[in-house]
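Some structures to go through are shown next.
Two complexes follow with chain A in common, the first pairing it with chain B and the second with chain C.
Presenting the complex of A and B:
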């Protein structure tokens, strides 16, 4: 019998959203249209229009050793060209942000190749070859994984995930990389905090109803409470019990 | 040592405050007679980028960094989310509550009486201020901070 991944337990809307994001056969919903040039500016790794700096010669030129694994695995475009490895990092507010660090890592691992995600409590970084990164970043920013107010693109000084929101609904950012102007969020600094030559518009913040319906985070005060999803609680308790009793080799 | 008899209260807002709102609430509070000390608290907003490849670069912000409280300029170094007050008498708590209700109209807040400021000097306080520390300074500012408190002309 062919194995069909379930992606995750739970009957709540949060669980359903988690499954939708992870399942690569579900197309991510495109919500905004931030241009490639704007994404390059926010990332801050190279100037828009600049050629991709390389870490090694293109694979076709450097002569690959005779290796069975290299024959099986097709290199990504960035690897083929010898691009540098660069990153994008997100901080997600616990107030109903559309995604969250663990979720992002699962989602990216199911959907993209040649990536190296790093998961932390309040932020998630993904590293990959530069031109692949720009494509992945466009997906991560333009779709329902992103909200301009509750998600921040922050390479360093990321503090904000677990803090109260500001009066205007923006997540706290001590570097104030993005500001709400005329109902639209504009990046005034790149992800590490260097001021940009021009403001980069990433669109209007989504409303509270949309965030509550599309979040992948449980929150008992502003969203769906974890305890309301009995199936999820049962699953987590079972894993906890098996891990406690049997360590890394659970046997029932 | 600070006289522990003075009542204290803490205002915690549901949202972090804009500098304009901080200015508004502080101006209402300083107009109330009988508040000895006010501490505004929240996550720090550094003047220089503290971490990462851009470390050390200036950190310009679009909001107001200086507010006018009474007739005194106050530099905002934090995004305010908590206000601690030390009072001469607890009779003025309803007036503080009223000021909060007027200013925080778009979100909720909590006003709690209790003990929120340090009343005995720590080792760091001792190292900074010595044995004869001014009792008003204890628990008011971070002893490691180079900037002191702002004094606002009282009504007495």
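Presenting the complex of A and C:
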């Protein structure tokens, strides 16, 4: 019997948004058009136009061993070429940022191959081969997973996800990697905090109504209260109860 | 589950003190606080470092250059903290154990403590050597022991000895459940259970101890600091043996001495922490070996506040977060300073206190469990449904408070801080309602899952790995997979890893007994030993003691200033 993912329980808009982001058959909504070169600048791993540094020779040249797993798994373009594994890391504000750490990880796992996500409370990192990373990053920045003001691209010193917002609606960043200028958010430093040669425009912040309608986090003050999605709460209780009972008496 | 109204918000005072403006606003301003200069303590550090550099010629604390390549902390408001339940506001730096002598002393007082039975030795003296044991001989022995234990000679000629003022925290007292015996030993040496404990607790403790006579020994702080926890039983046993020889006029080399030594080093000894496996490389009486049930007995707040088990439990949280997070995991096992920031969230600004008292109101409202009158009689059966109900409601309430008060969220700016606080409130409320420590732990893990699903985040990379698999082991008692809560500890397999858990687990375990009004959680001997008012650290008020340490009013033991030039 083929498994059909359900992408989580819940009847609220938050639950629905979560399912839409995770479900790879739902196309992510393209909202902005940050260029490939600009994304390379924000990532800060290589200079725009620079060849991809490699960690090993291309697979075709290095002579792969006779391995059944290698026959099953088709390498990504970056793996084929021998690219380094590099990262992009996001900090998502708890004030209705469109995606949130675990949600990002689940979404990426359903939508992309060859990735290594890591999930924390204030940041979420995804690592993969460099040319694959740039393609994934374009999705993560140019679609409804991103908001220029409530999402930060931050390699280190990510502090800000749980803080009150600044008066202009921006999430706190002690390094001020991006600034709101003329109604548009511009990166003046790359994700690790190294100043850029030129500003990189990532577009206008989405308005509060859009953020509330598209967020994947419950919040009783600025969005949807978790308590109000009874199906979701009940589902978590059920999972917990089943795990508890099985741990106590591990029989089928 | 159904939300109840609770007008009082215990954290409001702290939030209003810490943050400018409306504590419920979602917006504020940043980048104008003058960096580190907003903190008196950071300024003090910078001035002190300059003097150190001049003296030693080696650079030191230089945040304006070294933090993020020239961008110092303080781009947002650097917060002070109210130590929960004390009304005392302190700088965060002063809650690092290096800067806080009360914190050091709490751990010193545990590590330097050993409990040694007297009955085995008395049997040897009476049956093998024909010596008479009377209250008078016991009192005389204790005189000699309190001379010898700090480091004085009793048998030999021409011996070196320790300076009494450097070891003035070292002594021995005895306790028993036999009122007549207790009454006949010199008062200065007796821990009087009837006077130290509320009547019901005293009766339970005396019944559990029975006619046995135990020595509560505290070796010098300076000794256990210079050596380690494993030293405590050795130092004490040596002085006990010599004191018996003197008190009962024994031959120093006769074989019976070996019996006394064996009793004092092994057969009659209660360590505060058990020996850890080689991968942890610690001897007995080190933090990783302290059972949670024993820790609940070391903390004495339920003795002082018998009708407020929530407060008593919150004192265990504070003491445990400090010992297990800041000292054990943060320093013994990891190193660095980061753990303090995680750990202090559980005992500052009354946030956990508020969430826990909400739980008390909830279990009273729905299950008629009256936490102000601890009793075994009104406890509810720990069914999965009831555990789920209490843990869910307390978690949802806590999440909503963080949401409704954005400054509370900003106060606990890390997910691990919030996770520990929400799950602790849930676990404590469940444990007090059911008087079952494993039910409390189960409530903790449901809280973690709810938190993660509600906010799509939990703790840091490694913090929550034990929480995401914890439901399964919370009711298991199979070897290497589970245990009843009282016998779990910091080195229990699933708990041995990360900050923000162990102090709270200990509190959940303790609360399941405090909520019944029990005299002790796991060991009546440990409970009585730490009730001693002569101890340097007051175990009935850990958070108040930490606050005193932070504002530099706590006087620790084992200071060497007597032995060196003044600076």
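We adopt the following convention: the second predicted complex is superposed on the first by the 241 of 252 C-alpha atoms of A that agree within 3 Å, B and C clash if a C-alpha of one lies under 4 Å from a C-alpha of the other, contacts with A are read in each partner's own complex, and residues count from 1 in each chain.
Basically, a contact is a pair of C-beta atoms (placed from the backbone, for glycine too) under 8 Å apart; a residue touches a chain by one contact, two chains touch by 3 or more.
Not measured: the values here are computed from a predicted model.
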- Message: Should chain B and chain C be called a clash or a fit once both complexes are overlaid on chain A?
- Response: clash
- Query: Between chain B (first) and chain C (second), which, if any, makes contact with A:52: first, second, both or neither?
  - Reply: neither
- Looking at the overlay, does A:172 come into contact with chain B only (first), chain C only (second), both, or neither? both
- More chain A residues in contact - chain B or chain C: C
- Message: Taking the superposition on A as described, I'd like to know which of chain B and chain C A:193 touches: first, second, both or neither.
- Response: both
- Counting only touches as set out at the top, which of chain B and chain C does A:94 meet: first, second, both, neither? second
- Using the touch definition from the top, say if A:163 reaches chain B (first), chain C (second), both or neither. both
- Item | First (chain B), second (chain C), both or neither touched by A:155 | first
- Clash-wise, after the superposition, say which stretch of chain B runs into chain C: 25-33, 43-51 or 97-105. 43-51
- Note on the structure: Where chain B and chain C land on the same part of chain A: residues 157, 159, 163-167, 172, 174-176, 193
- Can you list the chain A residues touching chain B in their complex? 155-157, 159, 163-168, 172, 174-176, 179, 188, 192-195
- Task: Write out the stretch or stretches of chain B touching chain A in their complex.
- Result: 13-18, 21, 43-46, 49-55, 57, 59-63, 79, 81, 106-107
- Task: Please give the residue numbers of chain C that touch chain A in the complex, ascending.
- Result: 3, 25-31, 68, 71, 73, 75-76, 384, 388, 392, 396, 399-400, 403-404, 406-407, 409-410, 412-416, 418-419, 442, 445-446, 449-450, 452-461, 471-476, 481-482
- If you look only at chain A, which of its residues touch chain C in the complex? 18, 94-95, 100-103, 118-122, 157, 159, 161-167, 169, 172, 174-176, 193, 216-222, 225-227, 232-233, 236-237, 239-241, 243-248
